[in-house]
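Every chain is named by a letter (A, B, C and D) in the order it is written, and numbering of its residues begins at 1.
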Amino acid sequence: MKDKLQSIIDQNRKWTNCGQVASYIPELAKADPNILGIAINDINDKAVQAGDYNYYFTIQSIVKVIILICLLIDGGEDKIFDKVGMEPSSEPFNSIPKLERTESGKPLNPFINAGAIACTDAVLGKNCKEKYERIVAMLKKLSNNQNLKINDAVYKSEKLTGQTNRAIAHYLKGAGLIDNSVEDVLDVYFKLCSVEMVVKDIAKIASVIANGGIAPWSQEKIIPTNANKIIKAIMTTCGLYDSSGCFAVRVGMPSKSGVGGGIVSVAPNKMGIAVVGPSLDHHGNSIAGVKVLEELSKSERLSIFL
Amino acid sequence: MKDKLQSIIDQNRKWTNCGQVASYIPELAKADPNILGIAINDINDKAVQAGDYNYYFTIQSIVKVIILICLLIDGGEDKIFDKVGMEPSSEPFNSIPKLERTESGKPLNPFINAGAIACTDAVLGKNCKEKYERIVAMLKKLSNNQNLKINDAVYKSEKLTGQTNRAIAHYLKGAGLIDNSVEDVLDVYFKLCSVEMVVKDIAKIASVIANGGIAPWSQEKIIPTNANKIIKAIMTTCGLYDSSGCFAVRVGMPSKSGVGGGIVSVAPNKMGIAVVGPSLDHHGNSIAGVKVLEELSKSERLSIFL
Amino acid sequence: MKDKLQSIIDQNRKWTNCGQVASYIPELAKADPNILGIAINDINDKAVQAGDYNYYFTIQSIVKVIILICLLIDGGEDKIFDKVGMEPSSEPFNSIPKLERTESGKPLNPFINAGAIACTDAVLGKNCKEKYERIVAMLKKLSNNQNLKINDAVYKSEKLTGQTNRAIAHYLKGAGLIDNSVEDVLDVYFKLCSVEMVVKDIAKIASVIANGGIAPWSQEKIIPTNANKIIKAIMTTCGLYDSSGCFAVRVGMPSKSGVGGGIVSVAPNKMGIAVVGPSLDHHGNSIAGVKVLEELSKSERLSIFL
Amino acid sequence: MKDKLQSIIDQNRKWTNCGQVASYIPELAKADPNILGIAINDINDKAVQAGDYNYYFTIQSIVKVIILICLLIDGGEDKIFDKVGMEPSSEPFNSIPKLERTESGKPLNPFINAGAIACTDAVLGKNCKEKYERIVAMLKKLSNNQNLKINDAVYKSEKLTGQTNRAIAHYLKGAGLIDNSVEDVLDVYFKLCSVEMVVKDIAKIASVIANGGIAPWSQEKIIPTNANKIIKAIMTTCGLYDSSGCFAVRVGMPSKSGVGGGIVSVAPNKMGIAVVGPSLDHHGNSIAGVKVLEELSKSERLSIFL
């Protein structure tokens, strides 16, 4: 498998030239577009990696999966869906000003920024500090790594320049969809998006989901079965912005991308996968990362639709 | 299983009071809102049914699955995606005037009317008569039923009053997405939507998809593996109009609904399922039919996300 | 005045290089982008012209003004506003698939294609032939020219390739906003858009509106006072597609543009003006024509907002 | 004239039952829906009033006219149109989350909230305090009333609950369209919207615009001619939210409404007019106020399109 991964990385590295790194905040624009790395963690906790697997990158929207897991554990299906819808969006990822609201005024799904911010506010905790700690604890547990770090420059850059998210949060506050103060909720959200990981960490997270919510390394049931089912469903329909449908057809693994270039993918009952490639396509997904996942899915027959 | 189905039907029949039958064409408004029926055909070709399983209804948008199958067989993945996108739509099912086009001008996916009309035009055949016969032959083969009938009143009513589809087809013609004459393509499309079936027929179709493209009754491989995979992916992300995401979470079976009240659902490697209930929710899906599928999915653990 | 016009034409001819001739139908693409001409007809019927005033061009959307006049004469304010709204559109002129409907389902205003087609259908006449004759008779009367000609190549090109208008008309038919057959109404509309004129003809029309509805050459009251008022109001708010607001600020004369490059402008109680310049800006308005009108308006203080 | 006004008020008071007072902030919901008042100030400074002319109401969006006047005086046409577009919006007044941006990212016009907030930020002044004082000074000068008061309860209510405007301002900040701090600019804007006046004050303002920018009481030229022209043009195309087009047809006076129930109207070279009626139609305009203006315009022939 190690050789196969290496070969897939080698053959797809050319794609890194075709995209562009995210630049909506100055710090993200510093990412190296040539990076391409992959890690797999299977349900027996066997790990393989290839390419730039030691590259640290901010997880960005991938953290939305963890926020959703926390909220599903805290309150179950119903609590979440008081806050957000579950429908995919056909709007580009950066058309955020539109808020993409459902008829009921709620954000369209938990994976658009408006939805993730509303979910962050609803995670258990008497205040935002506790909510943050709750989500970070889950991130550590799912990645089996107690040494997470925040990319402070990215965090400060988001905080300083993340005006669109600030606009969204104020709107949500006005609509009664956020209880805590806008700046407190945003601070949690910006910090979470700025967590840095390597692909191995994220592959670990994916392997828990792939293994029915049970950590392959400890056999601890971390995610309840129903929550694990919901996570995979929403990752399938909403995980790759407005190319989720195309990704479902071509790759067919529940996944979530982030503008840091990472993608987390779940091959149920088989393995967790993570790729990183900061050069993005115009949908906001890692351009080479998607290619790598497509090739891997085809060669290993990982699509859930097979 | 027979008893279980009967019990699910009985318990959910109350929902038929909460919706409304389709009324955009006069003939459809004559449907009986109290009907609720289900049929299952498993991958060993064992059939069970309950409720109003003898009720004939027009399959309407369910035929889009068959059109897509024909096109995938004829031309493969690439041919289709020259014509349409693959992204779910967050627009209501009846916002058709918007055409829901992708950036490239193509319809958003093969399951919105614009997409299905473009696909109909692209099915193999020297003329529209041959295309129609090709799709009908596939419908007969997949349902293992040579005695299909057209509801002539519905067909004429669609043809006479289906101005929105006519508008769409003229637009597609102008955009170069239809080769044949607008009226010829529409005639095929209207006729196909007006095919009448009972749930057993549709459950047969679903069982072929559930069985990897192989007919459970003859072991004939009707749908190539890759086409079968694509069908399930698109049914999952786009099958229930703008509640496809919610349906993926709550039911989790690749499905397609029609405004005649039918829904076709696939439990991969297990069974094909069809329900009918002409009373629709505001998304255009059978209101009791969705409830029946949700309960069946939960009790039999049929979600592909489990 | 003749010298002033000549000088304005000379100084603005450079702008003809900055735009593009309409190309949505093949015939229009043959227009000469270098043309720039102007004609004035004042309320004493004194005529002046400069530049390419002998250039024949199809009047295209300028005919919408005549259709609206006929309808206002036939049925008054209320009859029209049963058919269309009166609100400006902020959509680009070629986003026609959206139909730009009001809440009530009616086209947003009589100057978008959907509105003009609905109005054409509502003009007095037992059939479309009579409606056509009624509008053409008005066009002849207002331009004081009995020798109108149709550009047959443009007419046939529109009829053959005007699929977006055909889509719109079918949609209107379905919505009950057209009584006659789609093809009959479109035939009238396409023929009217294909009428060819020189700027002098159009300046005559404008001079009637400028003179309170009274023909300067015969003192005949052609347009009733209230209709004349409504025409000017709608020309002001909706006459230049989605740059009507900017044009009101910079030019300030009730006007209507057409994709053939013509613009008809009204300086109330002073004069009627027409320009032609087939090179269009991205709003669909004559790029040099707008500049000429702006300069003339400023130098002669013609804005109604002064 | 006094009798005529009284009679128009009496005959249209019934309409106050058909609308609803604004309720997006709690304080506005306390307005008295039965109020209906009018004041006229002609260009000879002759004043007449009728109905509830002593009723104090917050001027709300009417202040956008004053902000625009200041900005036009400060920087001329070009400075403003660096900040905002000039096109009418076909979106409802409360669809503010969409921001209604032009292609260039700028707000569509200076009379939607996003546009007015951007303009507020651009008014001359080293800081927001000076900007506020500059606009208030203009308001006092134009209304010839040095005793303006702020409705403190409305101001605090806006400040506390005006989350949509806060969202908009943060978005504008991110887009580089606001230089000052979001809260400082909003504070100015909220305070300005909370200025309380009676109709006489507003009729004075309108009379200056009607009189070519010259105060009828002092003959001081307050608004430069070109600025006065632009103001009237934008009031005509954008002054009554998404019923500006209908109002232009039916009333035909450059006007601006506010959700406090006020409308300022200009009959050029004749008079300034102000009405108040807090009961609003679904466009956000005073329902009886519009009727009163329509009747007055028709009986006195005040339309600029006549």
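In the analysis below, contacts are C-beta pairs under 8 Å (C-beta built on N, C-alpha and C of every residue); 3 or more make two chains touch, one makes a residue touch a chain.
Which chain is which protein? Per UniProt: A, B, C, D = Glutaminase.
Computed from a predicted model, the values in this text were never measured in an experiment.
S.K.: Trace the shortest chain of touching neighbours from chain A (Glutaminase) to chain C (Glutaminase) and give its length in steps.
M.R.: The least step count works out to 2.
S.K.: With chain centres defined as C-alpha means, what is the inter-centre distance between chain B (Glutaminase) and chain D (Glutaminase) in Å?
M.R.: 53
S.K.: In whole angstrom, how far does the Cα centroid of chain A (Glutaminase) sit from the Cα centroid of chain D (Glutaminase)?
M.R.: 46
S.K.: Could you grab the centroid distance between chain A (Glutaminase) and chain B (Glutaminase)? Build each centroid from C-alpha atoms only and quote it in angstrom.
M.R.: Inter-chain centre distance comes to 32 Å.
S.K.: What positions in chain D (Glutaminase) touch 2 or more of the other chains?
M.R.: Correct list: empty.
S.K.: Go ahead and list every pair of chains that touch.
M.R.: Applying the touch rule to all chain pairs gives A-B, A-D, B-C, C-D.
S.K.: Once bound in the complex, which stretches of chain A (Glutaminase) touch chain B (Glutaminase)?
M.R.: Chain A (Glutaminase) residues touching chain B (Glutaminase): 77, 85-91, 100, 108-109, 225, 229-230, 232-234, 236-238, 242-246, 248-249, 252, 254, 268, 303-306.
S.K.: Please give the residue numbers of chain B (Glutaminase) that touch chain C (Glutaminase) in the complex, ascending.
M.R.: Touching chain C (Glutaminase): residues 97-99, 101, 161-164, 166-171, 173-175 of chain B (Glutaminase).
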